[in-house]
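Lettered A, B, C and D in written order, each chain numbered from 1.
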Amino acid sequence: MRTSAINAARLVALRDLRLAFRKPSQLVQPLMFFIIVATLFPLTLTPEMSRLRDAAPGVLWIGALLSSLLALEFLFREDAVDGTLEQFALSGQSLTWMLFAKTCTHWLLTGAPLALAAPVAAAALGVPADAMWGVVASLALGSFAMSLVGAIGAGLTLGARRGGVLLSLLTLPLTVPILIFGADATELAISGADFSAPMYLLGAIAVLGVTLAPLAAAAAVRIGLE
Amino acid sequence: MTPWFSTLSEFFAMSGYGKYVWPSFVLGFGAVLLNAWLASRALAEARAQARRRLEMNP
Amino acid sequence: MLRVAGLHLWRGDRHVLRGVSFEGTAGQCVLLTGRNGAGKTSLIRVIAGLLDAEEGEVSWRGAPVRRRVHDFHAELAYLGHEPPLKGDLTSRENLRFSVGIRRQVSGEEIDAALSRTGAHGFADRPVRTLSAGQRRRVALAGVLLANAVLWLLDEPTTNLDSDGQQLVAELIGEQLARQGLVVAAVHHALEVAGPVLKLELGTA
Amino acid sequence: MATWTWFHRLASPPHVYAFAQRWTRWFGGFAAVAMIVALVGGLVLAPPDYQQKDAFRMVYVHAPTAWLSLMIYTTMAVAAAVALIWRMKVAHAAAAACAPVGAWFTVVALGTGMLWGKPMWGAYWVWDPRLTSELILLFLYLGYMGLRAGIEDPSKADRASAVLAVVGVVNVPIIKYSVEWWNSLHQTPTVMQLGKPKMDFDMLWPLLLMFLAFALYFIAVLLTRLRAELLRRERNASWVREVVT
């Protein structure tokens, strides 16, 4: 019996999870990168907590963006090299669904841990404990949206030489809205204000990303496979 | 349809903003000319290349 | 069943496929031959739909493939140069996932297929510890498990010993006996039991 | 069907080449005349703004270039979408021809914006929403051209960059909105105003004519670049022999 689209997507996600736990270093490295970047900022800025707190949203979001770009490079590359993506494309299933499953898994393995680890970096930047929920929530939603946008870039750069730098060049301008709304939500959370308005906008971007990004990523991957 | 400026030096001064107005027009219309030139050069090069190819293997 | 009509493919300035046409029927094996760079791999990838030809058409069961590409792929098993296996998973895990995304497959079926291709002895070792020939045998088990009507095999005997080459010929023979259709690119002669159509590329 | 013949002609490189060859000089000629008339109208005939004095005249170069930079991106994305949907080679060539011109005019819009900003805001760079969006538009162009340059196979490069152009154009309004939102949170309202709410007719007609001139100019440049692209892409086709000898 032919596997349903949902089950195929589930299997893709399970395989990626299993592979990730067999090789945990790839998971930990972007996370380490994020923590190190965030904790290096006080050395270049000031040790003064009140000024660090003002810079905290920017530091956290730039750190999250760079570390997610670092991780995105591996989203499709290995699968393209070892023929797994070809197998997906010829499986008689919707490539869009399978890539969506891959992207969600990727976020679960990189973006979600990053959001959970953010309070450590945030505390080092003088963010008060009450604001941590807002920091985690905004980074979780924002990194999900970034993964979706990044999946398009990762697909497009499959056929390119030196794809890593190119991936950043393509993806960074597209992430501007996520960065703006996300950093704003974090800032409002730190100042103790209601941060729901930018979160709604971030959510709207994520919804748009869910509907459109996997389609674009599938088109991009098909081109890259040729 | 009368010119706004009565003297040429007034025109160049642009009520004191000349050092911003003139560079921006030079930049803008310089780019207009440059892009026209770049496009026609690209065409000329493509034509020359096509001609060379045809001469090599007629 | 499979009709390839007037395929033209350029790669940059190279005219790789120059009007390739053939027709494959059920129970037939189409062997593609030709020197390196004659377009064997390209032709297989065009048939699979991984590559777009500038001109020409591939039809399956009388309808252009492009129109119902998912249904075509459901009946297709493709084996390229590299066996599509994950080094960090065992052979068994690899097959469970890669066949699983196509159809529901039981552990017994996977065991049977691995035994048939002589890969049972190393079914639970991570693929990265296997030799190239052993990987090829695991990948062949994957082709068997796909339950596909059409097999597209690109140099299926690469890295295989003489036993392995014999195995590929047998597997193809069995597929033909099941009224399947096999299109294979080959370097060396392959003795297949059944009707064979030889197509030499790069001569036209 | 007769109604579709124009569409098929659009897909045929020799037809498009011949069309471009015939019409480029007309578009270019009208663009040059319109540009000169608008320049005279804007620089000499129009009265100065009551607030900005003669500095306002920079609108005649800044506004058309800024508008053009966005219009070229849209044109590129539409060409890319057409190329992807109907597998039309000519449309890929057109999209490729758009990018460098668009990037140039984005740079010019930024440059003239900065020159205008200095007397108005007292600094060359202010994080004004329009300038910021323009800067991000430049990054989008750079990404597009980077992707095109990064992929060796020309047909792959065409299609990959086409997907990027379409994704980018979906993003442009979101970027624009987000930058405005961000600006309204962080910035005191800008002091730059474009004259009185209602522009004088003497000021307006040179501006409108300049927009028209830039549009015609862009068409002329695009057609020229398109011809170059077509010659390069179709170098093995027989029609090339006829047009270059």
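The rule is short, and it goes like this: a contact is a pair of C-beta atoms (placed from the backbone, for glycine too) under 8 Å apart; a residue touches a chain by one contact, two chains touch by 3 or more.
Please read all numbers here as calculations on a predicted model, not as lab measurements.
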Count the smallest number of chain-to-chain hops linking subunit B with subunit D, moving only between touching chains. 1
Among the other chains, which touch subunit B and subunit C together? D
With centres defined from CA atoms, tell me which chain sits nearest the overall protein centre. A
Comparing C-D against A-C, which pair counts more contacting C-beta pairs? A-C
Please report how many Å separate the Cα centroid of subunit A from that of subunit C, as a whole number. 36
Nearest whole angstrom, what separates the Cα centre of subunit C from the Cα centre of subunit D? 48
Subunit A-subunit B separation of Cα centroids, rounded to whole Å: 44
Between subunit A and subunit D, what's the gap in Å when you average each chain's C-alpha atoms? 32
Multi-chain touching residues of subunit A, meaning two or more other chains, are 226
Quick check on subunit D: which residues sit in contact with 2+ other chains? 153, 235
Per the touch rule above, enumerate the chain pairs that touch, sorted by label. A-C, A-D, B-D, C-D
In the complex with subunit D, residue positions of subunit A that touch it: 152, 156-157, 159-163, 166, 169-170, 172-174, 176-177, 180-181, 184, 201, 205, 208, 212, 216, 219-220, 223-224, 226
In their shared complex, subunit A is touched by residues of subunit D numbered 84, 136, 139-140, 142-143, 146-147, 150-153, 155-157, 159-160, 163-164, 166-168, 170-171, 174-175, 177-179, 181-182, 185
In the complex with subunit A, residue positions of subunit C that touch it: 45, 48-52, 70-76, 78, 80, 82-89, 93, 97-98, 100-104
Subunit D residues touching subunit B - in the complex, by the definition given at the top: 28, 35, 39, 43-48, 53-55, 57-58, 60-62, 64-65, 100-101, 104-105, 107-108, 111-112, 115-116, 118-119, 217, 220-221, 224-225, 227-229, 231-232, 235, 240-241, 244-245
How about subunit B: which of its residues touch subunit D in the complex? 1-5, 11, 14-18, 20-21, 23-25, 27-29, 31-32, 34-36, 38-40, 42-43, 45-47, 49-51, 53-54
